[in-house]
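Okay, so chain A shows up in both of these, paired with chain B first and chain C after.
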Partner chain A sequence: MIIEKHHREKIKKNKPAVLGLLFIILLFVTAILGPFLTRDPNEINFNDKNLPPVGFSIEQSMYNIKTQELEVTERKGSWEHPLGTDDRGRDMLAMLVSGARVSLEVGFLATGIAILIGTFIGVVSAYFGGWLDNALMRFTDVIMTFPFFLLLVLIVYMYGPNMVFVILAIGLTGWTGAARLVRSEVLSLRTLDFVTASKALGASDPHIILRHLVPNTMSSIIVIATLSIPGVILAEAALSFIGLGDPALVSWGKVLNAGQDSLVTTWWVAVEPGMILFLTVLAFNFLGDGLRDALDPKSE
Partner chain B sequence: MKKGYIAERLLYTLIIAWGVMTATFVILRIGPGSPADRYIANLGAGHNVTQVTAAIETRYGLDKPLYEQYFEYMGSLLRGDWGWSFSTSMPVIELIKTHWVYSFQLILLSSIFAIVLGILIGIYSAVRKGTKADYIATFFSFIGISTPNFWLGIMLILIFSVRLGWFQTYYDTGLSTFSLANLKALVLPVVTLGTGMVAGYSRYVRSSMLENLRRDFVRTARAKGLPEHVVIVKHVFRNALLPVVTIFMWDMSAIVFGGAYLTEVIFGIPGLGRISFNAIFADDYAVVVAVTLIGAFVTLLFNLVTDIAYTQLDPRIKYD
Partner chain C sequence: MRLTRKVNDIVLCVRNLRTYFFTEKGEVAAVDDISFDLKRGEILCIIGESGSGKTATALSILGLIDKPGAIVSGSILFNGTDIAKLSEGKMRNLRGNKISMVFQDASSSLNPVLRIGEQITESLVQHLKLDKKQTRERAVELLASVGISQPEERLDEYPHQFSGGMKQRVMIAMALSCNPEVLIADEPTTALDVTVQAQVLDIFKELKNSTSVLYITHDLGVVSEIADRIIIMYAGKFLEMGDAREVLMDPKHPYTKGLVGCLPSGKIKGRLVSIQGSIPNLIDLPEGCVFCPRCPDAMEICRKETPSETGISDKHSVRCHLYGST
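Let's look at the complex of A and B:
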């Protein structure tokens, strides 16, 4: 209905967008099914610590008490831990799968909340106009300028890290862009003939808003949502990276931070979560850009 | 009326600054544990807890009614009394006075790097639109925008510092700020912080240039036989610059502050981000609050300057 056949054709031709979509689907499946297939990401096993990924090997020097010599042994990655282990022997693959779940949850839930609020404020503002429009747009201005992210850091620091809190905080403050976009679209939509006709036929305001205005702004909403998700995922990763992530969850930012300390020896602990984070953000950006090209006839 | 508009923006900024200060007060007072508890938790053993609590409560007026505390809090913020940092044993304001310059230096150098490179790449891919070079630039800008800068920083350290040994990344506060050793230590941080910006600016410059390339005055300029580089620089680029200036200012508040914080953390640059990060781990809450407030105020200031700059730069814009 929103993404029609000719849109699909156009997206199919955009290879980066298709690749992005495939990656996101794969990530979703992994995040949902993965935890049942991998090891426990919190399982500590010091015998298996610092194992490199499959195909890599590192030299490890250990002091042998009996011979009083430094022995250099070669450690090779094994399929038991395909992506290696960290300094406590935790399985990297399991940690990354768990992190995928956290990132997607935060990304989608926070963006979902933001889009709902933004659409509501944008539609109401444009449709009713007058003082209500004025007040709502002033309010949007204030929220836009208010440095919420800094306060979010402070709140998370004071009240203790909690995923629900981060999702709510980002969702409740990140709606301003969507509100402005929806408002500008509805402003031009509401003067169109089909809306006037609908009004003349006695349709109620909620009916016009829900059946005519919101569906017609859907394509823009989808684009802005797709392009907002990577920002949210990055914000969560950054919070976890500086130690303000939910301590009960294994997230990419947290693993990355741990990997930073052992960069000289176990480089993969930092490389892997960052790589997957980068690919995820890239996938959403490619898809969002492709959707915009396909859905918005004005864009170039 | 420009003056009225500027006055309005100024009023907005002041109201929001007041809102931010009030918000921090609410967060601090409603939060679990009184500020006194946080001090005591970090004092260690051997102190008389009740006595210390009482002393702190009197010192900070925590025994007074909430509204009085609020006025005192606002008053002390305005007077520059930002509390005491026990992890470094000095007033928070002194700590900030010594460390802000490192953040400033990092942000300044990264911005110059990003603006120069972003503009050059943007112009080039606009002029060569549709060529291979343009596609490569587009591809890399996607990569640049999507790379989390804290990860990029770690990868740069891994490759250029740990493996190749080209750059040491130790910033020595004993040396002067712009000494060669410190500038060399800033190469990787500047690339880390600047890459995302380069990617963003080159896209904005490109699309803004393309828009202007289609304009009538460009055709006129070409028709009267001006050399192409004059057309590009004088007619197209000058007009393409305005949206870029705005985006840059917006960026300063959005990307740079978050990014600078993380970059300082990774490279151990002793700026405000780093001291706040250390304070989080030392539970030195006065420092965390102070850096939050400063970040918020600077953001507000930048937004204000952006709004005002916009009215000055574009003669077409008139505000009633």
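Let's look at the complex of A and C:
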């Protein structure tokens, strides 16, 4: 309905957007099917600890109890752990796959909540105007100035590191940009003739809002949602990185944090989640930019 | 007996309607003391320049005047009930159902992201409570009735796939979907080219006897083709009102004379006449007759007193001091 044929053609021509979309689809498939195929990310095996990824090798000095000497052994990556293991022998691939699920869950659910609230507040504010508009926009300003990361830390501190609270906290504070965008769009839409025409045919206010105004802002909403997902994923990673993530879940931020101490020796523990985080954020941004270029009527 | 019959023949009866807009610069009397009757089955044309209050009159009837505007006084009787005083909910039941409206610019009056079918069926679902299959059948019927070929397939298309004339026909189909008693058409052919304009006008002509039409335009050519009666509006006031043929053949008010003089005609050779000056600022209206600053026949009294309505014949009346004294 909103993304029409000529939009699809336009996105197809935008190489980074296509790559981004493919990466995101791949990430989705991995997150959904991956955990059934990989090892248990929480399985600890000290025999296999600090294994490098396939194709890499490190020299490791190990204390041999029998000979009472320090032996230098070369350890090579094996296909058993294609991306290596961390200092407790946990499989990196399994952890990253499990982290993808966490990141996408947080990214999509929190953004979904934020977009719903933002669209509602924006459209109501612009459509009814007057004191309601003023009140809602000042409320938006207040939420906007609130240091959201501090709130997150506070919530985790008060209620414990639970993923549901993290999602709710990000969703309930992250809607301000969407609200302002939707409001500005609806402000110009509501003066258009089709709104008056619909009123003249007896349409009610909720009907006009849901059937006429919201579908017309949909393209902007899709773009802002796509562009705000990476921010949310990064926020969750940052939270896990400083140790406030859900301890029951393996997330990219947590793995990254675990790897940062041994960056010189077992560099892959930090680099791998960092790379995947970087690529995910980049993919969403590319796709978001591509969607904006394709859906923006002014660029036609 | 005869009296009640006569009253029943009038669908819409507007009395002393005043719609003002309260702007920061001052009060604007967009509609100033206007009274008229719309009879069953007739086409009544309101003619006026841009900014003369035609659209404000139409929107007042539908109760769609937005802030900072408001209906200040007067009554709008629709089949005997004063709809100016109805609640918003009751008014909404009337709009699109008993009274509906076609707007000037069809391209912006259709929602670009909804299919034509969804938009046509909107008021059917709203007012007639039809089910899905019935609304679709009715929508096909409606599209066919306004002369759109292959209506079945056209229903699933988007507005941008329609031409300007077709969009306007879709708008008319939408307005007619619930068989309204009154159809208000606000310059429906202004944005169309002449051949398409003729086709759209034919739809209005065929409506006669089933729906009363209040047709708003600035185009005297259109008026002469379809109008039964006409009203000449200027700066929120009626200057002349009466039977279309009579007013156009024998205009009394200097403004009407000017308008008719502006029309090119095959018979008289020579330069086209135009009316000097432009419509006055509605915030700062001249005293007396609103037309007197541009009037070629202005007298002393015109600058002081607002002329009252004077009957020329039983079907023709004018507001001008030239005819007041006799």
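By our rule, the second predicted complex is superposed on the first by the 292 of 300 C-alpha atoms of A that agree within 3 Å, B and C clash if a C-alpha of one lies under 4 Å from a C-alpha of the other, contacts with A are read in each partner's own complex, and residues count from 1 in each chain.
As a convention for this text, contacts are C-beta pairs under 8 Å (C-beta built on N, C-alpha and C of every residue); 3 or more make two chains touch, one makes a residue touch a chain.
Just so we're clear, the structure is a prediction, and the values are computed from it rather than from any experiment.
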Fit or clash between chain C and chain B when superposed on chain A | fit
Who does A:L282 touch here: chain B (first), chain C (second), both, or neither?
-> first
Using the touch definition from the top, say if A:P215 reaches chain B (first), chain C (second), both or neither.
-> second
After superposition on A, vertex chain A (C-alpha centre) with arms to chain B and chain C, in degrees to the nearest 10, comes to 100
Comparing chain C with chain B, which touches more residues belonging to chain A?
-> B
Taking the superposition as given, does A:S57 touch the first partner, chain B, the second, chain C, both, or neither?
-> neither
Applying the touch criterion given at the start, work out whether A:N42 contacts chain B, chain C, both or neither, answering first, second, both or neither.
-> neither
Quick one: classify A:N134 as touching chain B (first), chain C (second), both or neither.
-> neither
Should A:S198 be classified as contacting the first partner (chain B), the second (chain C), both, or neither?
-> second
With both complexes placed on chain A, how many Å separate the closest C-alpha atoms of chain B and chain C?
-> 15
Seen from chain A, its contact residues with chain B in the complex are 16, 141-142, 145-147, 149-151, 153-155, 157-160, 230, 234, 237-238, 241-244, 256, 259-260, 263-264, 267, 270-271, 273-275, 277-278, 281-282, 285-286, 289, 300
Provide the residue numbers of chain C that touch chain A in the complex, in ascending order.
-> 62, 64, 92-97, 100-101, 103-105, 108-114, 122-123, 126-127, 171, 174-175
Counting only contacts in the complex, chain A reaches chain C at residues 1-2, 192-194, 196-204, 207, 211-212, 215-216, 218
Chain B residues touching chain A - in the complex, by the definition given at the top = 12-13, 15-16, 19-20, 23-24, 27-28, 31-32, 142-143, 145-148, 150-151, 154-155, 157-158, 162, 207, 210, 253, 257-258, 261-262, 265-266, 277, 280-281, 285, 288-289, 292, 295-296, 299-300, 303
